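Consider the two complexes below, in which subunit A is the common component and subunit B and subunit C are the respective partners.
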Partner chain A sequence: MEITAKKGIKFIISELKPRGELFTPFNIITIPIIALGLIIVAYRFVNGLGSVTNQSQIFAWGLWKGFNVVTGVAFAAGAYIVTFMVYVLRIKKYHSIVKATVLNGFLSYVFYAGALILDLGRPWNIINPIIGNSFGFNSVLFLVAWHFMLYIIAQFVEFSPTIAEWLERKKAKKFLQSLTLGAVVFGITLSLLHQSGLGALFMMAKSKIHPLWYSEFLPILFLASSVPAGLSMVILEGTISRRVFKDLYPKHSSKHLYEEIVFGLAKGAALSLFIYYFFKAIIFIHGRHWSHITDMWGVWYFIEVFGFVLLPCIMYANGYKNRSIGLIRLASLITIVGIMLNRLNISVISFYWNNPNHYYPSWQEYIVALMVISIQIWVFRWVVTRMPVFKESHH
Partner chain B sequence: MLESYVFVNIFETKGLEYMLILIFLVGFIIFLRYFEIHKQ
Partner chain C sequence: MNRRKFFKLAGISAAGLTEKLITSADAAGIPSTKQFIGVLNDTTKCIGCRNCEKACSEVNGMQVPDIENDNALEKERVTDEKQLSVVNKYKTDKGTVYIKRQCMHCWQPACAAACLTNALHKTEEGPIIWRSDKCMGCRYCMVSCPFDIPKFEYQSWNPRILKCDMCWKRIQQGAIPACVEACPSEALMFGLKKDLMEIARTRIYKHPKDYVSHVYGEYEVGGASWLYLSSVPFEQLGFRTDLGNTPYPEYTKEFLYAVPAIILILPPLLYGLHHITEPEDSEKK
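This part shows the complex of A and B:
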């Protein structure tokens, strides 16, 4: 037993050692960002939020929540969509991307929900909803806090057979695989609720958000937009992974099968964008927002809706019909920018739009936001270069 | 009071919303069919 434990520790230590070239373009860009970001985070925890951010009593939520949390969680939605297709609908075609997608979703939640700590004036209170100190049952944040925590656990369970395979624990892998379907169903339930819950957070800010972006249907819009956001992120992440980690894919990995996966995801993204576009249209008419489209905010709103919802929807449909991978990739990029724009419009850009002293993030906030993404990509890279993430596991 | 209510104004009633829903339903069917007849 002792020998096994020793071997295990030795194995983990050997796996922790860096592999590959150090001076790659990605490393050269991200290492300074991470180093500077960590210094800013340390400074923020010593001197408080006001020392590094432009947040105030009026603008209590800044870039870290608007970008990392509210936007990032939408892009992690690919995990619940792909696991639903693979484990519930039993569409085998998508099985080869399920592990990478779940890993991406898991890391997104760990880092983006983790980024919440940076934005709390008293970060030690983050534990309150969990330990029962002022539960706050009436708060949407109570739901979001519990869902984030439970969903991180569910995604870890979904990914755990890959860890067991890496550690060569066959029995453990078999046991963990038996938990997958339960974790997936639990995870989908949680995802549907907290994706919409994030939208519900803004419902109490009716007077603060520009009427073109505020709606009592924000939870539905957030849920509907999470589907194309998640699918687009899966397409983009797959595109980058297949180039950067091409040696890690099995030799027999078929290009044709991969393209069929992308076409399937593109069809899903096009249909979900179509539904989302009509939700936006009906909410616009229901809210009688005609008087709000005469100024620059109206132009900005139409740029978002036509340029970043309707346009990628048409591009996805055309890409699917004409079997154009390039067009689909471009559509995925535009969708990602569009969803990002929409979430930032609600949480930052149109928030207190009529306040003369509007909030603009400080350079430190940008660096820390980029640091969070950079660290996530570093961890993703570490995991995929060690564990059999891109290999098909046999059940 | 009733005399001043214009029943045919689609902006005053929910006519526009109903029309949009109908456009969506028809549009969604057309959109789905668009995918079915893709090039081989």
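This part shows the complex of A and C:
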């Protein structure tokens, strides 16, 4: 026993050592961001949130919640969509991207939902809604928090066979694989509820959010837009991964097969963007919002809806029809920016739009937001360079 | 809590209504059916002395404002983490009107519905209190409150949410809220909401020229414990009159009701889909 424990520790230490070059452009940019971010976080826990953020009594939620949590979770939606296609609908085509997508989703939840803790004033009480001495059943945030936690576990279960394969534990892998379908079904259910739940969070801010962005259908809009957000992130992540980690892909990995996957995803993204656009249009017309479009907010609204929903929708459809990978990649980028705009418009930008002392994030808030993303990418890189994430596993 | 003592004390501020309050309370058998308590602020009687502000800060252990010399009435203020109740001055066509602002103690509060740890808690008697051992500082209450009342200590490593709790501790000991006790002009009156409403309506009925026919807080966002009478329309006095009468928790209720249904329906559906799509000649690999 002692030998295996020693071996295990040795193994972990050896695996924690970085591989590859240290001075890559990515490292040179992210190392200072992470270092500075950690200092800011330490400073914040000593001197209070007000010492580093511009959040105020009126603008209680800033960039960390609006971007890291509310936006980041939308981008992690790829995991529930791809697992739905692969494990529930058994579409074999997408099997090769499922591991990377689930890993990306898992890490997004760990880090982006984890960023919530940085923003909590009294994080030591985070245990309260979990252990059950204070269940706020009326609270949408209670539901979202629980779903985050359960979904992180479900995604870990979904990814665990890859870890077992890495550690060469065949029996464990077989057992863990038997749990996948259950975790996927559970995970999809949780995802539908908390993706929409993030929208429901803002329902009680009715009087504070600009009427062009507030709607009683926010949960449906958040759910509908999480589909193109997730798919676009899968396309973007694949594009970057295949370039950066090209040595990690199997030698025989067919470019043609991968492009077929992208075309499939693009079709899904075009369709889901159109449905989302359609919902937006119905809400606009049904809500009689014509009177709100005469000022700059109206212009801003139309930039979001036409420039970042309808335009990428058309680009996706064209890219699919004309089999243009380049156009699809551009569309995925525009969609991602559009989802960011939408989530930030609701949570930050149009929040108390008429307040003269509107909230603008401090530079420290930007650094910490970037730090969270940077660490996530570091961990992603650490995992994919060690575990068989991009390789098709043998059954 | 000593109810009789409490209602007697409540009666002192309610002057002529003391007898009525006690008898109605006893007759209704208050201990079993708890009626919400509240405060009626008849702003036509308020002289803007700010003794309520002073008393509030003293009771809550905060820095006591120098009400004689600080000229705080010159500009419109909001409550903050250092002062839970403020008086503002408004120039209207019916003369100067003073408005005391603090937590409205909603009947169905958004803050308590938002709170995932039940740290903000609506007591059975009506006051909404904050419990430090439960709160995790997420500030969802601040995002949700239509009156922007909960305030957060941004400059502390161990921040609290601060808001008026209607002097809950004093009420439990049989006293009345400090601001009501400190009010020299009977602009503030403490009692059961239903009784305060009777008083408010009676005043409007008897003196239609002195009051607008509206009690702010009777129905706003589902009704509140803090009620206002005024001589001019409330929108001229910094009140939000666009909030509607729907209790705020209603906005998320439908979504929350859908949750158990989806949790029950979706997994079998997904399992079903998984089995339907199983190829006929499936061989185990």
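By our rule, the second predicted complex is superposed on the first by the 393 of 395 C-alpha atoms of A that agree within 3 Å, B and C clash if a C-alpha of one lies under 4 Å from a C-alpha of the other, contacts with A are read in each partner's own complex, and residues count from 1 in each chain.
As a convention for this text, contacts are C-beta pairs under 8 Å (C-beta built on N, C-alpha and C of every residue); 3 or more make two chains touch, one makes a residue touch a chain.
This one's a predicted model, so the numbers in the text were calculated from it and none came from an experiment.
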| item | value |
| --- | --- |
| First, second, both or neither for A:Ala281, with subunit B first and subunit C second | first |
| Partner touching more residues of subunit A, whether subunit B or subunit C | C |
| Touched partner set for A:Ile336, first subunit B, second subunit C, both or neither | neither |
| Contacts of A:Lys321 with subunit B and subunit C, given as first, second, both or neither | first |
| Contacts of A:Phe186 with subunit B and subunit C, given as first, second, both or neither | second |
| Partner chain(s) touched by A:Leu223 [first = subunit B, second = subunit C, both, neither] | neither |
| Touching residues on subunit A, where the partner in the complex is subunit B | 267, 270-271, 274-275, 278, 281-282, 285-286, 317, 320-323 |
| List of subunit A residues in touch with subunit C within their complex | 45-51, 53, 55-58, 60-61, 84, 87-90, 116, 119-126, 128-129, 133-143, 145, 181, 184-186, 188-189, 192-193, 196-197, 200-208, 216, 219, 395 |
| Contacting residues of subunit C [partner subunit A, same complex] | 78, 80-81, 110, 112-119, 133-140, 142-144, 146, 148, 151-159, 240, 242-243, 248-249, 251-252, 255-256, 259, 262-263, 266-267, 270-271, 273-274, 277-279, 285 |
| Subunit A-facing residues of subunit B, complex | 16-17, 20-21, 24, 27-28, 31-32, 34-35, 38-39 |
